[in-house]
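Each chain carries a letter (A, B, C, D and E) given by its place in the written order, and its residues are counted from 1.
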Amino acid sequence: MTSFVEHLPILIIAISLFSALTILVVGWFNNRSCIFIFWLTLLAQFIMSLFILNHVLAYGPIHYWLGGWKPPWGIELVVDSLNAYILIILLFLSLACAIYSKSNIEHELPGKRVSFYTLFQLLIAGLCGVTLTGDIFNMFVFIEIFSISAYALIAARGKIALKASFTYLILGSIGTCFFLLGIGFLYSITGSLNLHDLSILLPPFYDNKVVKAAFVFFIVGLSIKMALFPFHTWLPDAHAFAPAEISAMLSGIMIEISTYVFIRVSFSVFTLEFLKLLPVFDILCWVAVAAILMGSVMAITQVNLKRMLAYSSVANMGYIMLAVGLSLSAVESPWGGLNPALMHIANHALMKGCLFLAAGAFIYKANLWNITEFRGLAKKMPYTCAAFVIAAISMIGIPPSVGFVSKLYIIMASIEIKNYFFVAVLLISSLLNLAYFWRVIETMYMKHEEGGRSSHGSHGTSEEIPLGMLIPILLLSSLCIVMGIVWLGKVPIPVLDQVNLMFGLGKVP
Amino acid sequence: MTLTVESIKPALALACPLLAALLILLSSRRPNLRESWTLIAGLFQFAIILSMGPVILLGKTVAFPFLTGVLPGVDFGLKVDAFGLIFAITSSFLWILVSVFSIGYMRTLKEHAQTRYYFCFALAIFGAVGVALSKNLMTLFIFYEILTISTYPLVAHEESPEALFAGRKYLAYLLTSGVFLLAAIALDYSITGTTDFNPGGHLTLASASRPFLMILFLLFLLGFMKAAYIPFHSWLPAAMVAPTPVSALLHAVAVVKAGVFGVVRIVCYVYGTNTMQELGLGVMLASLAAVTMIGASLFAIAQDNLKKRLAYSTISQLSYILFGVALLSPMGVTGAMLHIPLHGFMKITLFLCAGFILAASGKKNISEMAGIGRTMPVTMLAFTIGALGMCGAPPVAGFISKWYLGLGAIQSGQMIFLAILLIASLLDVVYFFPLIRTAFFETMPSQELLPGDRGKTVPVFPGKPQRLEASRSIYFLMFLPLSITALLSMLFCLFPNLFYILGLARVAVRDILGGL
Amino acid sequence: MNSKKEEENVVIETASRIMIPFIQLFALYVITHGALGPGGGFQGGVVFASSYFLYIVVFNIIEGKKRLPESVYTTLSSTGLCIYAGVGLLSIILSFGMAQYLNYGFIPFTSHFEKNRSLGIDLVEIGVGITVMAVMVSIFFDLAGKEKKDKGE
Amino acid sequence: MTMLIDFALLFLVIIIAIAAVTLKDLLSATLLLGAYSFLMALIWVGMQSVDVAFMEASVGAGATTAFMIAALSRMTRWEKK
Amino acid sequence: MVEWLTAEISSKYNYWVSILLMLIGFYAIIAKDNLIKKIIGLSIFQTAIFLFYISLGVVRKGTAPIVSEEMILKGYAYVNPLPHVLILTAIVVAVATTAVALSLIIRLYEEYGTIEETEIIGAIKRKEADQDRPAF
């Protein structure tokens, strides 16, 4: 007997697909109603994800056998605390982007509304699928689904975005091919594709070269997908020239989902014992440090705001991977294990989502791309600029914002393993963040347009964006502060504790 | 040993400026309402904070935990002890006066972006009082950074390239220092598992190796760069481009005081005097303070711009506080603690005078101020009182703290420190005296064209001494606060226990060192 | 020139007219026998679509669009997927939440569990076939589309 | 014997792959890619995976080639350099 | 040595071929300037991986599946016809990717009049230099 909640994981994916098709068909008759279908679906999905989280916390993981076939033959959906947590972040950000997209898409891609929403919905279906599946091959398929939707969405704007999308397509395909190869290696050894099953079957073969090779393939493939430092070259242009809400999705959740896959594969398939055999995670830390520095420095040199944000995403992936890398050795309770990494995934989704949406708002209103063009913008768009400032401050890591909390935790983890170099890098990078974000804030607030000062005091010039776009931006930015305080107050930690417990990370209580 | 009373008062005290900030934003189009919010919040806050005084004097502490258990051993919470209350009283009281002054100043000069100004001002006070009431380093850090960020728009208020440059410099210095502070806090936490302020300190020689502790202290010191000791002081004079009430805020009330406050917290409540003594850090800190005291005074002599001169004076005076703490003797610490509010009152008098002179006559430089004592006698009198206090002359409050500092130097047994103190005081006289002489005893040049300062000067007719102070009714708003502070500076010398300050300092020292 | 070309095409046109029905028949065979032998919905769908490719290549894209307008293939593709996903949902609904998604055995086509299952699979294959056919054709139209419309006339 | 055919097919596949990559004429390269897919399908038949072979023959050799030719019909046929 | 090599090659020739094909495909992706060629390379690369998978299935028929007794006791029996199904899915994915890539190439060609990567980048750079802002 399965309870109602246990059907929800598949329903989340299925209604996403359904709504994609419905949007396509309805779009033929009335393309204004698409957005409402889209919203309703996302809202339903979001509510379902809340139910799932509740169920997982209360009764433990959900195992759902598709078609009633028992694993390892059938495909299984597994929802444990890690999935449920990621799923909520994913759907929340999607919801925010969806609300935002109504006005923005009408403005930016007026003729392509229907296909845009269809693809967007498919993207979400793919992301949900990756998150929920318990089968490694299924994961690959869903990765491809969301990647393909992403390629198309990035290219939606045409011109330079086409090139960016093509580069991403080539590199992304190579990445997923490597992932597929890794799966092949594992399959050749164990003959199973179920994640849980693999973790049971693998231990006898830990010193087998093929298993190690498979792991390396996974790392390389996923590094490309998550734009870890040497493989980040596709990211800046792709994120910079996609429509704003897609940029937010790409930076805020898509690369994080790849990180999730990495975490899942490393900890659920190759268990801790295997990871401790190889110095992979130590190397990963250093790569991540390089990513942090490189991303931040490159961000400083950018003139284009969205490209700057994209490089900042590279740096932030560095943070997340550094936290993942430290998760093996740092065990003390609040920052041990995967806590900082998972926290930063959520935090980065909030911050980057807000920043990209705000950047999109500037483009929407006045086609402003370059930082130098933002003079006096704070007068015209006070709310958007305020939200941008809050998110930027959060990126810099000023307390009590979310950025501060994750930075603090990563620092504490680095201190615990006595690697003061990482601490220094993290602190320096927050100064670098300051350098590139403050430039924007200063231009928006402190500099004036040519001919400028006379217009002081006259409030009539306010050119705020439509409410539909403003609300998600304000929501995300206020969450940057609220969540920061919530994290400090330790409220959502039980989820993370369960994750650590599941993977045997952190201190055994 | 100390009883803790749970109370919501600290939180209420913090809520006042925060609420005021929101209300200011909401009523941005109605200046009168907007500014009255500031004043109302200020009065409430001061009343709440002052009402905690008697409880604290009994040796209790008032605590308000609001977030427990994020890091084991670190609760984000507020705790009011004697020393914190001293700073809180100072900043909340001066907020009222500076606000009154601001209203006059900003309106006279018709400054732009006043809503932002008052909003950030309220946030800065929120930060400063938060620093004062913090229970542990972690909480302190949060408010410390809020303070940094919220004062940036004030420093760069003018939005001229020069102001922007100053703002950038300000941020670069202070946020870098924040980074050091965070590192230090994290390290401290990782070795001791707590960041609470204990009167005896929670770091001992047993917690880590000597070099580690010394490096940690260095990190802390770098972290509190707001204290503006000498190699890292240059942001402070640069920040002088800000409107004068802001300078007053930076120099007397919030920012720099938060810095020294932090250092005192570190020395007395994190390391503890014993550990400091054993590590020999006291002498190091004292030397640093001595160099700053004398060096900054020498710099000050060379300045012609009045505000710049006052800025260097601030740098020098702040180091008196560091110096007093570094002596690690009861008297010295008392002196240091007293100097925080007392210097605040005196320096704010000086700055308000400078601001009033600028607003009323448009004069910035000392060389232009010949004979200004005749057009603005009360202002210059107040200025003289403040200056005397800086030099440590008896009828003004500065005498009290210097007296204690001197006693502390003797108590610590090192006469060279006493000598340094005297030399520094002498230098204070050297840079303040010429100004007073110029103002009162030199006559105004017959033909004077006022510098076209920002196009907002009020014309002064040459040759005809005229009472500028009473010429416009709005000047009253500036004139009143500076008179009050000058008066209070005098009163503090006579009644040092006004606002419980001496009593609180005694309680604090008793907790730290076991009595005077 | 144009008339000549048309004359040349007569053989090809006739041949394709004959071939296309057979291709489509074969496609249907492949779709329905997916569960037993090689093939299945996807392959069948592709084969079915390839008959359209042939049609478009031999005649031209305008003719092709007349035969299969955009509204039709869009609807077809969604219908197919609705069948595919809907059967899965049906199994949940008709078993009142007892069975899992895609557990076709619970759909009461017949009284026999295993028969239900194979019928369900067939239904899914048909759905997939329709979708794939429609999607492939739409991709082909998109790729070969605009330019020819401009130049061909 | 089967092994020989296998070898021959594999050898051919490699040759065709190289040719597809190096040819300047994109249309020829595309057609060679179709041939490559088809040969690959043959190899897979030899490996008893008929299902996959069918798929590769219809999708890889059929649909992909058709798509690529359709796309090529709208742009240049020659690779520069 | 020679024997080892011949034994190695004759027993695992499928793998060698698939790796060779992967390299060929990879070469095309990386080194070729033409976008269509890149797509061709990608197709070859993907097909090579499928070959690799299918070979796994074949080899497993000849050799015993690697399953320890303990696992059989636990009830896990591993003879699995899965890889074929997997490759079916993977082929679908591959053709979808190719289709998207082709439509991108077409639009790039319409935009810039070329399908050589360096020329496209050059055009973008020129445009950016002209406008002093992204080519939008």
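The working rule: contacts are C-beta pairs under 8 Å (C-beta built on N, C-alpha and C of every residue); 3 or more make two chains touch, one makes a residue touch a chain.
All values derive from a computational prediction rather than experimental measurement.
Asker: Kindly list the shared contact partners of chain A and chain D, in label order.
Answerer: Touching chain A and chain D alike, sorted by label: C, E.
Asker: Could you tell me which chains are in contact with chain A and with chain B alike?
Answerer: Output, common partners of chain A and chain B: nil, no chain qualifies.
Asker: Of the other chains, whose C-alpha centre is the longest way from the centre of chain E?
Answerer: Most remote chain from chain E, centroid-wise, comes out as B.
Asker: Would you say A-C or A-E is joined by more C-beta pairs in contact?
Answerer: Of A-E and A-C, it is A-E that has more C-beta pairs in contact.
Asker: If we define chain centres by averaging CA atoms, which chain lands farthest from chain A? Would you check?
Answerer: Computed centres place B farthest from chain A.
Asker: Please compute the C-alpha centroid of chain D, do the same for chain E, then give the distance between them in whole Å.
Answerer: Computed value for the inter-centroid distance: 14 Å.
Asker: Approximately how many whole Å separate the CA-defined centres of chain C and chain D?
Answerer: 24
Asker: If you average the CA atoms of chain B and of chain C, how many Å lie between those two points?
Answerer: A distance of 79 Å separates the two centres.
Asker: Tell me, which residues of chain C touch at least two other chains?
Answerer: Those would be 40, 42, 139, 143.
Asker: Could you pull out the residues of chain E that touch at least 2 other chains?
Answerer: Answer for chain E, listing residues that touch two or more other chains: 88, 92, 99, 102-103, 105-106.
Asker: Please list each pair of chains that are touching.
Answerer: Here the touching chain pairs work out to A-B, A-C, A-E, C-D, C-E, D-E.
Asker: In the complex of these two chains, what residues of chain A are touching chain E?
Answerer: Chain A residues touching chain E: 72-73, 137, 140-141, 144, 148, 151-152, 155, 157-160, 162-163, 165-166, 169-170, 173-174, 177, 180-181, 184, 187-193, 197, 200-201, 204-205, 240-241, 304, 367, 369-370.
Asker: Okay, in this complex, where on chain D does chain E touch?
Answerer: 6-7, 10, 13-14, 17-18, 20-21, 26, 29-30, 33, 36-37, 40, 43-44, 47-49, 51-52, 55-56, 59-60, 63-64, 67-68, 70-72, 74-76, 79-81
Asker: Give every residue of chain E touching chain D within the complex, in rising order.
Answerer: 13-14, 17, 20-21, 24-25, 27-28, 32-34, 36-37, 39-41, 43-44, 47, 50-51, 54-55, 57-58, 61, 84-85, 87-88, 91-92, 94-95, 98-99, 102-103, 105-106, 109, 114-116, 119
Asker: Residues of chain C touching chain A in their complex?
Answerer: Residue list for chain C touching chain A: 71, 74-75, 77-78, 81-82, 85, 88-89, 92, 97-105.
Asker: Any idea which chain C residues touch chain E in the complex?
Answerer: My answer: residues 40, 42, 139, 142-143.
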